[in-house]
Amino acid sequence: MKRIITGVGIVAVAGLLLSACSGTGQETDESTDTASSDLTYAVITHSGPGDAFWDRVKSGAEQAGEDYGVEITYNSDPDPAKQSQLIDNAVAQEVDGIVVSMANPDGVKSSVERAVDAGIPVVTINSGIERSAEFGAITHIGQSETVAGEAVGVELSEAGVTNALCVIQEAGNVGLEERCKAAASTFSGTMANLQVDGTNDAEVKATIKSKLQADATIDGVLTLGGQYAMDAVGAVDESGSAATVATFDLSDDVVSAISDGAILFAVDQQPYVQGFLGITAVHLRATNGNDVGGGQPVFSGPAFVTKANAADVAKYAANGTR
Amino acid sequence: MTTTDIVTIATRPRMERQPIRRLLARPEMGALVAALAVMIFFSVYTSNFMTLAGAGVWLESASTFGIMAVAVALLMIGGEFDLSAGVMTGFTALIVGVLTTNYGLNIWVAVVVSLAVALGVGALNGFIVMRTGLPSFIVTLGTFFVLAGIDLAVTKLITGQVSIQGMAKVPFYDTIQPLFGASIRIGGGVFYVSVLWWFLVTAIATWVLLRARAGNWIFAVGGALNSSRQVGVPIMKTKVGLFMTTAGAAWLVGMISLFRTSTVQANTGVGQEFIYIICAVVGGCLLTGGFGSAIGAALGALIYGMVFQGITFAQWDTNWLRTFLGAMLLLAVLLNHWVRTRAGGGR
Amino acid sequence: MSQITKTHDPIVAVKNIGKRYGAINALAGVTTEVRAGEVTCVLGDNGAGKSTFIKMLAGAHTPSEGEMLLDGEPVTFSSPRAALDAGIATVYQDLAVVPLMPVWRNFFLGSELTKGAGPFRRLDVKRMKTITYTELDNMGIDLRDVDQPIGTLSGGERQCVAIARAVYFGARVLILDEPTAALGVKQSGVVLRYIARARDRGLGVVFITHNPHHAYPVGDRFLLLNRGTSLGDYAKADITLGELTSLMAGGAELDSLAHELERSMGADSPVVKELEREAEALPEAAREELVPPTAS
């Protein structure tokens, strides 16, 4: 949060200076963009279309771009082969830096390495923490799924949950599997995985509902994305189950559901930070030769959102930045 | 629209000795014009599209779509659909991945086993469609879901993960990788061997369609099934063969994707089947069967690849990606249709 | 092929054949013959049993009674393919053509000519086009472009292509299923000319129709069917167009129609007189069978 405020401060100062120079107030914003540099950074993620989480990453990256006066392009594809093509595309465009998420590191390995070989600064975000350095990225910005998952397992145990579901919304995402595995490892009760189709919320809700109805002993539902937590809340409601819902990642609705007590807690890896810091790290390399992280990953989370701090978080969530 | 197409084609006046007009009446002609239009647009609009580096990207993007689109076009000319074509690309790659990383099977053997299984599923698709008379749309939709479920469940069950890891460490990986995943650097561009596969598949399919007996039969079973039966065309053989061809192409694309990235996910290929059909239709295939071309489908895939990557090159806001893509494709189809009606109608 | 002249032995002869589907008698007691260089017309209204009859000839159905002779030898066709191999080709109403495919591809569909061997076995396009052109020319159709989709030809021309195809592939007997049914007057005339031409080339033609005016000019024999039974099998010399028309319309129906019209128009009306004359002209045998006692 502090960083955003700092960022806003920088742009405010820069804007003041520039407008003082040019003297034409009207075009201040545009001239800020073009005057400071003509650098272009590409953000390439493994997100599917219309995903609330990745929209926050995108917002963070775009805000950073605006703050630093650089051009940001954002592209995504969940298929590693197509994500690789997007990386190749960015290299062909001779961008000045690439921020990439690696849900399936092997899948994008050759393209990331080629970008590094071409002398383009690369920062990995969100997932792929363990391969980031190997591929030649400056650093990785994200949360350790293991650390976050283990923390969730402990929290759930403390809440008295004994039989939990871990809802996986995307087949083939290694990170999601890790979260469930890590949560199960520290959880005192039993935890089973439930595979759902994340592109169809109604379907997600129905599947969770059926599962709750089929097994009345389930007293906890752990979802791995903000929007799926809302599906789980609906499913718990409709099935008349008393299961506690907890989730990875935030959304506006999740925050208000936490305030209302419908969701116990959310563990936030702060996607906005991943986007913002991702761009910041490549920008610092491109303009100042810095090595952010010094060869180590930079953690963007986890941050727990509970009833206690939900009200504070709510105003940022409404902006689509948390 | 397809009814109009048939009428347009069927009522086309005699094209006597007019080679140019006959050329224009080829099903792929519209797609060629549309492809050129898209290519010129992005070449002018962006600075990196028409460079070696840029061409490498959009050719690779088009190549895997193209291989499938050509096979799907043959199937569509034969009057059938295959909705399992997309998921089949993941299915075949997963077979190789699981057999080698988990069971230590020789990679060459695994690749052949995977092909055999794919052909088997294709044959099964065709056999069910022909025996029951159910629409292939429904039958292959069933296969699609069955395979998608197997992809996830079996992969998870056997490997404990949802994607294949450690593929590159499999013995002899390096002996087979170049066949499907090799790339060469020309100038600043990286060109993948998949582009060659794409050209090869297109060339063979075109030759078969226009110069082999099987091609005659494909057009016939798609154009008028009953008539074909009456004159003794081997319907069963032709249609089952087509389904097997599509499955075989899916295997090829599966291998290309596997050896390009050295990994495969349980959800690979899901949802791609419609893109193949779109490419085939943009390339001049009738949804009702009996008309179309392999070159057209390849051009349809080229259009798709160029638009897909061109939008990225143009740095347009990718929230609108699908809208741009849809509008571009619609324009391509309209242009295609216009060229075809022009060529056919004449007056 | 055109050297073949009329022979006295029929190629195909059927004796009292019939077909039952369970308890339903689709067709019974049909006797006729097909000779080389002759046209045997099968006439009847809808539901008369015409299609059952041709399906038996073409090998799609096996007769449940009676006898079929091919060149004097009893024969049973197990499939349409078997009938085809015996030289009996059928041109169905849908003509078995693929509208979007070029004429030459349609002509050779299912029996393509190839050259080369192994994986390089390919269509002999040039030869197939030449043969298609020549064969159509022989039938009197001049298609300058055999590359046009067959769907662009007129109905009559398409019939001609189908006939020419059957002739080229060695048919001795050609069964034409209602070739003029969907055609206008002019196009029907065109098709009749091709039927005559096929006959002149020495083929035995079975021409199925419900229109006596189409049948009479080209026919040599006339088999009349009504509601699953035969009304008789006449050589051309034994029947006039008028008689044929009356038989087709059905003597009883004509009589009762005449009576009805008599009441409304008066017995002296020329229309009634005409109808009575037609009923009168019916051959004896047919009249006895057809006309119920009360009607006369």
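Chains here go by letter, A, B and C, matching the order in which they are written, and residues are numbered from 1 within each.
Methods note: a contact is a pair of C-beta atoms (placed from the backbone, for glycine too) under 8 Å apart; a residue touches a chain by one contact, two chains touch by 3 or more.
Keep in mind it's a predicted model, so treat the numbers as computed, not measured.
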item	value
Smallest number of contact steps required from subunit A to reach subunit C	2
Identifier of the chain whose CA centre is least distant from the whole-structure CA centre	B
Most distant chain from subunit C by Cα centroid	A
Separation of mean Cα positions, subunit C and subunit A [Å, integer]	77
Chain centre separation in whole Å, for subunit B relative to subunit A (CA means)	34
Chain centre separation in whole Å, for subunit C relative to subunit B (CA means)	47
Complex interface listing, subunit B residues touching subunit C	6, 9-17, 22, 207, 211-213, 215-217, 219-220, 223-224, 226-228, 230-233, 290-291
Residues on subunit C engaged by subunit B in the complex (per definition of touch)	80-81, 84, 90, 92, 94-101, 105, 108-112, 114, 121-123, 125, 144-145, 147-149, 151-152
Touching residues (chain side subunit A, partner subunit B) in the complex	40, 49, 71, 73-76, 78-82, 84-86, 88-94, 104, 106-110, 114, 170-174, 177, 195
Subunit B residues within the subunit A interface of the complex	48, 51, 53-54, 56-57, 60-61, 64, 151-152, 161-163, 165-168, 188-190, 257, 260-263, 265-268, 309, 312-313, 315, 318, 321-322
